[in-house]
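Note that subunit A is present in both complexes that follow, paired respectively with subunit B and with subunit C.
Coming up: the complex of A and B.
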C-alpha cells in the first residue's frame, strides 16, 4: 500500500511539473511582454520592474527563468491580477473552495443517482425499466447545459419560487470566511442563526449542483449498466448461484462491489468534464467560484489570472483523480499488491 | 431407487427467429454413492447438461425434459422456487476454472462462510455466530486438505494457486453437505500431480461420506481410474452408457470405439510415426447440426437409416444409441429379442 501511495505521489509531482512548464510557456505565447504576463505588474514603475525582472531572473537563460518561476509558485506567489491588481493567490484561496464545494456536491449527486439507476437497468436487462432508464439518460446527456440551467431558473425560481436562483448564500447572513467551504464555515461560526444559514446555503446549492450533475449522472448510468451486465455474466456469479445464495445476496455481496471497481476509475476521468460544466454553470447561477472568475478574466484579457487559474484548476482535478485511485485500490485487492513489470 | 433420473432432457438456445437444439434428448440416471463419468468432446453439451441440472443457465437457454426425478421426487411438478431450494440444498457443483469462479474482491474466508447454511448454526446471531461460521469454515478447509487454514481464509483468490482454489471450491461445495457433487472438468487447467490430488480427494469423499459424484471430462482415459460408470455424449446427443469396463473394453457405439482407440495407450501396437486412429472430420458447429444421428457424417458404419435419430437400446444395463451397434452384433440381437 505504501508503494502504491508513493507511486501516486510520484505521478502527481511529475504531472505538476509538466503543468507548470505549460503555464510558464503560456506567458511567452500570450501577447505582450512575458515578464508582465507572468507577474501581472502592468502599472509598475521602471524601478519596480527592474526588481521584478531580478526576481524572475530574466537576464539568465530559460532554465533559470523556469526555476525562478517554480520558486515563486512554491512560495505561493502567483503574481498580480492584471484587472484588479490584487494578489491572485489570495483570490484563488477565496474562490476555489466554493468551486470545490459545488463540484463535489454535484459529483455526489451524480454518483448517488446515476450508479444505482444503472444497476437497476442492468438487473432488469432487456425489460421496459432498462429501456426507460437508458432513453432518459440519453436525453439527459444531449441537453445543452446553459439551456438547462436557464430553464431550471425559469421553472424553479421564477415560476414556482421554490429555490433561489443566484449566489451561494443569502446576503442577510454574515458568515466569517475560515475554510471557504460554506457549509463548514457555517457550522464553525457562532452565529445564533446558524441553522437558518445552513438551510439557506443548502437551498442555494441544490439548483446549480443538480444542473451540473445531469450530464455526469447519465454517463454513470451507462457505465454502471454495462459493468453490472458484465459482472452478472461472470463465472463467479454463476458459482455463487450454484452455491445456493439468493439473488439479493449475490447482488449485494458480490456483484455491486465488482461493478463499482469498474466504474470508480471512470469517476476520476469524468470529474474533469464535470468541472468544465461547473464553470459554465457558475456563470449562469452567479456562483462565486473560480470558474466564473476564470471566464471573466478571459473576457478581460487578464493573462496572469488565466495561466494561474488553469494551473490551480488542473491541480484540483488531478488531486481528485488520485483520490479516486485510492478508493479504487481500497475496493480492489488486485490493484493493491505490488505487481512486477507494470 | 435412483438418486437422479433424467429422461429425454433437451436444451434449446433461443436465438431470435432460429432455435438451436444444443442438447438433444439426453437421458442420465445415477444411483446413490455412484461415481459417474460424463465424457464428450468440448462442445458436446456436457457442461450445459450439468448446469441445467443445477439450474444456473441463463434465460436464453430453454430446458425441457420428459422426466426429472430427484430421490423419487418429481421436480417437474414443483414450482421453480421449490425446485431451486431443493437442488441447491442437495446438489453442489464445482466448475472448470476455479480462480474465475471465486469472487476476486472478497476473501476466501467470507466466501466460504457465506456458503455455510445458517440453519446449522446454533443460538441467535448475537451468540457468537461469527465464531461458529469461522470454525466451520476452518473445518471445511481441513476436510479438503488445506492445513494452513488461517492464511488461506485471509487471502484473496488471486493469491492462491489454481489447485488450492479448486480445493476451496470443493470446500464451498461441501459446506451444504450435498448428496451429489457435479464436477465440471475440475482439473482442466492443472498439472498432472495436482490433478491426481483433486481426484484422490473426490474419491475419498465418495468413499467416506457416500457422496455421489458426476465427473465431467473430455479425457476418457484419465477418468476411467476414478469412475464406476460412464456416460458418453457426442454433439449434444446421448451415445452410450455403461460400467467403466463395458465402455472401455467392449464399446458398442462406433464413436466410443473411436474415442477409446484414439488414446495413445491403446495404440502401443502401432508402428512408429504412423497416424493414430481418429474419426475423419471434426465436431459439427451448433449452427450446422446434421439431422438424425449427429455422428452420421463422420461415422464409419453410417447407412441410410442414420438420418433418423436412433432409439436407445439396453443390453443388460449397457445402453447405446445407435442403429448399427458394434461388436456383439449377433449376440446383442438375441439378447434384445429375449428381453423383448
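Coming up: the complex of A and C.
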C-alpha cells in the first residue's frame, strides 16, 4: 500500500507541475502583457507595477519566473480578477463548494440509478429488458445537455410548476456562508426557518442535478452491465452455483460485490466528464458555481480568472481521480500492484 | 478478353472487409449508417437543396409556426424564426456547419493523432514515458473545458472552435493508436515480418495498420459524436459560431428568448443535434458489435 501511495503521490506532483506549467504558459498565450495577465492588476500605477514585476521576477529568465509563479500559487495568491479587481482565490473559495455540492449530488444520483439498471441489463443479458435499457442509455448520452436542461425547465418549472428553475436557494433565506456547501451551512445556522431552508435548497438542487446525472448514469449502465457480464462468466460464480446457491444468493453475495469494484475504478474518469456537463448546466440553471463564473469570465475576457479557473477545476478533478484510485485500491487488494505469479 | 477464374482460389477478405460483412447484417447499425450518409449528403448539398436563404429573412413572415400547425404555411415547412428566416433552410445549412465541420474535425485529428501515436509507439524509454504521462494529464482535463480554454485564447469564432476541437480530440487518437500498435506488434505475424527484414515503417504500413483500422474507426465515431456535441455546446454558449451563422447550437441559443412564444425554434435544432449524434453512435455501436463478433469467431 505504501508503494502504491508513493506512486500516486508521484503522479500527483508530476501532474500538478504540468498543470501549473500549462496555466503559466497560458498567460503568455493570451493577448496582452503576460505580467498583467498573470496578476490581473490592470489599474496598477507604475510604482505598483514595478513591485508586481519584482515579485514575479520578470527580469530573470523563464525558469525563475515559473518558480516565482509557483511560489505565488503555493501561498494561495492567484492574482486579481481583471473584471472585478477582487482576489480570485477568495472568489474561487466561495464558488467551488457550490460546484462540488452539485456534482457530488449528481454523481450519487447517476450511480444509484445507473448501476442497478446496468446490473438488471446484465442479468437479463440478450433479453428484451437488456435491449430496452441499452437503447434508452444510448439516447441518454446522445442528448445535448443544454437542450435537456431547457426541456426540463419548461416541463417541471414552467408547465407543471413543481420545482424552481434557477439559483441555489430562495433569496428569502439568509444563510451565513461557512463552508460554502449549502446543506452543511443550513444545518450549522441557527435560523428558526432551518428546515424550510433545507427543503428549499433540496428543491433547487433536484432539477440541475438530475439533468447533469443523465449522461454519466448511462455510462454507469454500460460499465455495470459489462462488468456484471464478466463476473457472471467467471469460475467462482460457477463454483457457487455448483454448491447449490440460489440465483439471488449468487447475485447478492458474490456477483454484486465483485462487479462494483470494477465500476468504482471508472468513477474518477467519469467525474471529469460530469464536471464539464455541470459547467454548462450551471449556466442554464444560474447556479452560482465555478463553471458559470469561468464561462462568464470568458465573455468578459478576464484572462487571470480564466487561467486560475482552469487550474482550480483541473486540480479538483485530479484530486477526485486520485481519491477514487485510493478507494479502489483499499477495496481491491489485487490493484495494489505486485501481482505475484500472474 | 474475359479472364475466367479457372482455379478455385481461396479469398481472405481484409480485416476491414470482414468487419463490413458483419456490420451490414445488423439492421440497426445499417439504419444508423444510412442516416449518417443522409446527413453527409445534406451537409454537402445544403445550398442546392435548401428552399430559402438561411440568413435573409422575410419580414412579413415572422415567427410562423411549422406547417402542421393551424397558422402554418406550407412553403415554410418547419416555420420561421423571429427575423422571418426559414427554419428548415437554417437547419439544412446548419448540417454542413455542425455535422460537416465535426466530420472534418475528426478526419484532421485522426490523421494527426494516428501519425503521432504510431511514431510514439515505435519509440521507447524516457521519451515514451514522458508522452504517456503528458497524455494522461491532457486526457484528465475534460474535452469541453479544454476547448473553452483554447477558444478563450483564440477568441470566439467558428474557425477557432474547429481548431479547438481538433486539438482536444488529437490526444484520444494518439492514445488509442499507441495502445493498438503496441498490442499488435507483440503478435507473431509482426515478428514474422520483422524476421523477414522489414523496416519498422513497412511493418507499420503493411502489417499493423490493416489490423487496427477498425479500432481507429470505432474511436472516430466516438470522437465524431463528441465533436458534434462540443461544437453545438460552444455555439450555444456564444463562444463558437457567431450571430448570423445557422449553426445548430447557435440557432438554439438564438431561440431561447422566444422559448415560450415559439417553442419550435428550440425544439427543432435540439432534435437535429440529437438525430446526428444518435446516427453517429449507432454506427459506432455497429462497429463495436461487429468487432466483438469477429473476435469470437
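Note that in this section the second predicted complex is superposed on the first by the 336 of 342 C-alpha atoms of A that agree within 3 Å, B and C clash if a C-alpha of one lies under 4 Å from a C-alpha of the other, contacts with A are read in each partner's own complex, and residues count from 1 in each chain.
Here, contacts are C-beta pairs under 8 Å (C-beta built on N, C-alpha and C of every residue); 3 or more make two chains touch, one makes a residue touch a chain.
All values derive from a computational prediction rather than experimental measurement.
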item: Partner chain in contact with A:83 - subunit B first, subunit C second, else both or neither; value: neither
item: Which superposed partner A:145 touches (first subunit B, second subunit C, both, neither); value: second
item: Touched partner set for A:334, first subunit B, second subunit C, both or neither; value: first
item: Touched partner set for A:35, first subunit B, second subunit C, both or neither; value: neither
item: Partner chain(s) touched by A:136 [first = subunit B, second = subunit C, both, neither]; value: neither
item: Residue contacts with subunit A in the superposition, subunit B compared against subunit C; value: C
item: Partner chain(s) touched by A:315 [first = subunit B, second = subunit C, both, neither]; value: neither
item: First, second, both or neither for A:254, with subunit B first and subunit C second; value: first
item: Touched partner set for A:280, first subunit B, second subunit C, both or neither; value: second
item: Touch list for subunit A against partner subunit C, complex; value: 11, 14-15, 18-19, 26, 29-30, 138-139, 141-147, 150-151, 154, 158, 272-273, 275-276, 279-280, 283, 294-295, 298-299, 301, 303, 306, 310, 313-314, 317-318, 321
item: Touching residues on subunit C, where the partner in the complex is subunit A; value: 133-134, 136-137, 140-145, 148-149, 151-153, 225, 229, 232-233, 236-239, 249, 252, 256, 259-260, 263, 266, 269-270, 273-274, 277-278, 281-282, 285
item: Parts of subunit B lying in touch with subunit A, wherever the complex brings them together; value: 51, 54, 56, 88-89, 92-93, 95, 97, 100-106, 114-115, 156, 158, 169, 172-173, 175-176
item: Interface residues, subunit A side, partner subunit B - complex; value: 234-236, 238-245, 249, 253-254, 257-258, 261, 331-334
